[in-house]
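This is the structure I want to talk about, given as structure tokens.
In order of appearance the chains are A, B, C and D, and numbering begins at 1 in each one.
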Amino acid sequence: MKKESKKNDFQLSPEEMEILKKYKKRSFLAETWRGLRKNKGAVIGLIIIALIAFVAIFADLLYDYEEVVIMPDYSATLMSPSLEHPLGTDEFGRDVLARIVHGARLSMEIALLSTAFSLSVGGIIGAYSGYLGGKFDAIVMRIMDIFLAIPNMLLALAIVAALGPNLFNLILAIAISDVPRFARILRSTVLSIKDSEYIEASKAAGARTTTIVFREIIPNCIAPIIVQASIVMAAAIIIAASLSFIGLGVQPPAPEWGAMLSSGRSYMREYNYLVLFPGLAIVITVLAFNLLGDGLRDALDPRLKR
Amino acid sequence: MAHEIPELKVENLVVEYVTEDAVVHAVNDVSFEVPKGSTMGLVGETGAGKTTTALSIMKLLPDPPAKLVSGKIEFAGEDIVPYSEKQMDALRGSTVSMVFQDPMTSLNPVLTVGDQIAEVIRRHQRVSKLEARTKAKEMLELVGISGDRAGEYPHQFSGGMKQRVIIAIALACNPKILIADEPTTALDVTIQAQVLSMMRDIKQKFDTAMILITHDLGVVADICDTVAIMYAGRIIEYGKIEEIFDDFKHPYTEGLFGSLPNLQKRHEKLKPIKGLMPDPSDLPTGCYFHPRCKYATAECAKRQPKKTYLSDTHYVECLAYEEGTGVKIEGGDIK
Amino acid sequence: MKHLKKFMLLVLAAALVLSTFAACGGDVQEKPQPSTSQEPSTGTESTGTETETTGLSRIVVIAQNNDLTTLDPHQHNDLISGNVTRMLYDTLIRLNDKNEYVPCLAQSWEYLDKNTVELKLTPDVQFHDGHVMTSEDVKYSLERQKASSFCGYLLDMITAIEIVDELTLKLTVVDESAALLSSLAHQCSSILPKEYTEKLEGEGKAFSDAPCGTGPYKFDYWNIGDECQIVRFENYFDEAYAAKNEGLKFRYIAEDNSRVIALETGEVDMILRVPSTSVASLEGNSDVKVLRFESCDLNYISPNCSGPLFSNEKLRQAIAHCIDRDAMIQVQCNGNAVPNFAPIGIAAIGYSEPATKREYDLEKAKQLLVEAGYPDGFEFTLSVWGDLNAKSAQVLQAACQQIGVKVNIEILDNSSMVDKCGGAKHDAGMDNWTANSEPDNTYRPWFSRELIGAGGYNWSCYPGEEIEALMEKALSVTDPAERQSYYTQINDFVAEHAVVWPLFSAQGMVATRSNVDGIQLYPTMMHLFQFVTVAE
Amino acid sequence: MHRYILKRLVQLIPVILGVVLIIFLIMDLTPGDPARMVLGNMASEEAIAAFREEQGLNDPLPIRYLRYVFDMLRGSLGTSYRSSRPVIDELLARFPATMQLASASIIFALVISVPIGIVSALKQNSLFDTVGMVAALLGIAMPAFWLGLILIISFSLKLDWLPSSGSGSFKHLILPAVANGVSCAANIARITRSSMLEIIRQDYIRTAKSKGIGKMKVVLKHAMGNCWIPVITVAGLQFGTMLGGTVIIENVFAWNGVGDFLLKSISAKDTPCVLGGIVMFTVVFSVVNLLVDIVYAFIDPRIKAQYQ
């Protein structure tokens, strides 16, 4: 906060500074945390996400990618769960647990990157659109409406189909299909706060539009953004798995959960654990994000508190 | 009057709201009677427990968290507290009806007003759909709305009209007891008068026993026969209208009257009661009113006052009227 | 009254919705309304009831893993559609199950000179529409086929077709070509009724929607994407090949497991292409039998021998030694395949076991890598057709990784594969190929130098002239043993120089209910279904 | 009302044109030569060049887009590269199957979720509520295709109760409809519960109770009457998700519908079919949303008043 006030290229009166400070986020985090802690579901979600994140970050220490995750062992193919291979092995003799662990890394990567992309692009579009209003807003929102008219999954499908299946395109496709959601949310939040006093204060002080959007409006949209982001991340994991399942996502031998399901599918008659466990990994991760999203919404949106 | 069985009798009613954090003592040992054809005003600040008392009589308390802890509620001598939900449903709308506070939200927005009136008629009277509809139109006419509008939806009516519709619903089956919970609070002053006079007319016509909940003493003066003043879940003063209006005894009642603008004594300043109602989950010891009472003494914090009967019909709960307490009321409007 | 009004509004809304679809649909009146055409037509089931009177087996239900693309024999060259069109149409010459060319629609064929062939047609052959086949029809059909981009190349050797009389034709051919007979016997070289086809197409309709031929079955119905039924043709000209069942119903069940389950539950009588993961459980099921046959299939990788990497022969040889065929067969085929080192399927004409077999040997591969000038390894992209092949690709990937070679797997669809590998834009491409009875139909598209980068199947892009020279020699002789000697030389050359990396030939497998008999299996997958019977 | 519907239909046109443009642009990035797709891998270079010229494949993008739009207005969505049949025929042949599946899924979802949502709300914080809402969270977290596989394993392979693939009978419909409908049901159950919780605290519910008409009637007539709007809104939105889901569900259950066709068209690079399929899904989705808005008017007289 100190940094920001130093960087300010305009002067504020002490009263205006007060108004501005009031809306800064320091207490925001603390308050959110307090709200979250009360919500059992959110705490469970947070713990699971932390665990998955931990596993994802230290995946390499748990299982070596080159030697375990993708290296076949033809002497140990299609082994049912045992002590040595807690979740069994696949048709290449690769340890399913090791692949799920590394799959967590992939899924988290996809969810984070695609959400970050759609959030920044959609957020900026929405914030400007809401703030500027007028024709710009009308045109941009029309375009967003058109995007929203296409079911998410189909849009992502078309993009990957056109660009070719690989990790980058997958992330891009999911990101693009989520841009309109963020744009909309940001826009409506901006509309609701743009005429409030602290924005007026900045305007009166002669701040430029860009400064106001980035410094005042976006920080104040954080609550709805966080809620939406956690929901979008959950959806991103499902869409990524779905696309990989139909061969339009991450390519083998990468241990993406959907891709694992896809190859496990031909063995589901005799070796159903091959479709059971990667699916459970998806369910648990998505569930955690949804729990957290619910909790955050309750904590951040006083109107929804019961 | 004591020999006649009153239409409604409430005895030692105690209602609590039990939540995880606290127990809210909403109604504390409330008793009163409403004879046939008479009207009792239930007066008090917001949060005094008036609506809770009314809902207890309807047995419509939100359970959980509300709990009817003890007490009797008698309709024509019959205690309905042990009644099952099914038995209650047979009474609601026919024997006892209620007019709710906010007409804007008390009607179902997706049903026509005709349907909403006919519904209660169909429930309690053996009539055909068509007859119910005709009856509903008659009820509308009775409350001063053209019967042709039975097919319209609530959003097409103004606030006052909606309240009339609600009254029509409440009276559709000629209830013996009518509870009106601040029926005019949400309305414009001119419309208040219309609705009130209408209610009075209808009440007289059907000889209904009525409880009128309000914090507006003017309204009470207009139509009530007896008045109960409620504070923090207790009736702290009860009496005939003249007894209360001309001879109130409780410091709180004094406060209530003092906070009214008085046209006759325009030169006098309003005397609002200082402070706020106590938190009903954390009631003070002794007399609940003592923290705000300008006459309070140390004694008031120690003991809860008992009912002191000043006449057959007038009682007050204040230590000042109990013997040997040493509490005195001096220098106020109380005679 | 009010309810009526509401109802009317709803009807109106529904009508509006329907009309939006109608607006997209254009000529609505010709098509059934979407809402009424939910049930597939089942009106033909009744034919099965005649079983007792005719002594024929009931309609046989066959499940395939892909949908037919067309029933026009000249507009495809795939096995899935072929299984149906082979039953609907006849060719001039028939290749029997002993690999002999025998008369069919043509009674005889004779080289009048080096460039002229005289064909005598079988008389009194009826088309399904009752019309009798003449040389007009044959000329028309062959010319129609020549114009096709799918299978016209099969008849490239025919330069002119002359009608001598009603039942005699003269074909002018480029040279005495060994491939002529096989081409005329190819499933694409079907004979259609000229008048009927011209009339149909003149009306702007597709022949595929109302096919008509001389075959043992005539068209009944085809629900696109679901099933196609053909029924016995009573007036079939060749008693020996007439249908022994009432008809055939080809069902399309894409998913492997679903197809197997459908067989196990008796929903279908036969599945073609048995998923290897299910073989064990099917063989343990007494209601079902698995028929195995040697196939002309080959799974292979074609390195781009003109490309920046694999023009280096040592490098090609190095990777050839990284191929762990046993592992691939285990992972991809569950053991139901045999290793193959030749560029053509084990059961195909033209196959020979190469003199040099580059077995899985990482030490040798490492050594070759050094000789090739890549001691520290390198990286290449393996373009793969289909998810299943990706399994073998991963086996190679893992093996290469151990000698420091990084393989990037890229799974592509068919058209992208042809675009990339056919366009010589690849490092290496992996696919499978089913050879037919004419080896030239395999070797030519694979090794003809003029096809390099032309979008076809010459994915190895080998720039040397050696293979082409042998190929031409093979074509110019008719003695089978002599031809084979040339193909043997090609196979040896390809293996020695690692022009193609053959992987394995999958076991041919068809599974049927145990009461099903009579299917005539061909290594080329061009099975005959007219003798199939179902015991009740 | 009629004018409102008409207005909405007119508003649909630019949206659909926009959707077509977006998908058109995306699909234009697809590598691969349509000409080769149509003519086969053995086609000669000349034949391909001629085909490209004839089909206008060499024209600049805007011209091709406009041509597509005009063709669309005339009821043509182009010709399939694979089958050479009109795309619209291919789509319409499979459309009933997809709608059958989608409607079955949404009906299943509504039938199961609305009662769960209501009971959960009425018995808030009870065991039923907790179990129901945990189940709903799980339902949302489950990818439909995975659930489909699990259902096949349990009900087709292990128990042998229901067919795992194909279409035709009611039995065939059960598993795909359930797999496709569960996440939708979960979402609707959640929204039903939270709207119900809000509604049963409304004054008019108290009014209804005070009439003595009984709890059932209060809930079914008064509370439900007001609950439909959020429920139907979510159902409408979920319908879009479900349409996207059919692409995979139809593949898993070998259901011969537009979704499966779309997926096969994608893997065969049959661009006109992909384009046509997505456009069709989008039109259906938009029309469903329009229907939802129209249904609002029948549920809520206040909204109806706005439409007039």
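Rule of thumb we're sticking to: contacts are C-beta pairs under 8 Å (C-beta built on N, C-alpha and C of every residue); 3 or more make two chains touch, one makes a residue touch a chain.
Keep in mind it's a predicted model, so treat the numbers as computed, not measured.
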Other chains in touch with both subunit B and subunit D: none
Which of A-C and C-D has more C-beta contact pairs: C-D
Middle chain, criterion being Cα centroid separation: D
From subunit C, the most remote chain by mean C-alpha position: B
Rounded Å distance between subunit B and subunit C, as computed from the means of their C-alpha atoms: 88
Separation of mean Cα positions, subunit D and subunit C [Å, integer]: 36
Averaged-CA centre spacing for the pair subunit C and subunit A, given as whole angstrom: 45
Interchain centroid distance [CA atoms averaged], subunit A/subunit D, Å: 24
Contacts with 2+ other chains: residues of subunit C: 257, 416
Junction residues of subunit B - those touching two or more other chains: none
For subunit D, residues that touch 2 or more chains besides their own: 31, 152, 157, 251, 267
Every chain pair meeting the contact rule: A-C, A-D, B-D, C-D
Subunit C-touching residues of subunit A, taken from the complex the two chains share: 66, 70-72, 74, 77, 91-92, 164-166, 247, 251-253, 262-263, 265-270
In the complex with subunit D, residue positions of subunit B that touch it: 58, 60, 85-86, 88-94, 97-98, 100-102, 105-111, 116, 119-120, 123-124, 153, 155-156, 166, 169-170
Sites on subunit D touched by subunit C in the complex: 1-2, 5, 9, 12, 31-33, 36-37, 39-45, 47-48, 72, 74-77, 82-85, 88-90, 92-97, 99-100, 152, 156-157, 160, 163-168, 251-254, 256, 260-261, 264, 267-269, 280, 283, 287, 291, 294, 298
Contact footprint of subunit D on subunit A as seen in their complex: 41, 142-143, 145-147, 149-155, 157-159, 161-164, 234, 238, 241-242, 245-248, 258, 261, 265, 268-269, 272, 275-276, 279, 282-284, 286-287, 290-291, 294, 306
Complex contact set, residues of subunit C against subunit D: 6, 9-10, 12-13, 16-17, 20-21, 23-27, 31, 34-35, 37-40, 67, 69-70, 75-77, 148-153, 206, 208, 223-226, 252-255, 257-258, 261-262, 265, 267, 413-416, 418-419, 422, 445, 454-457
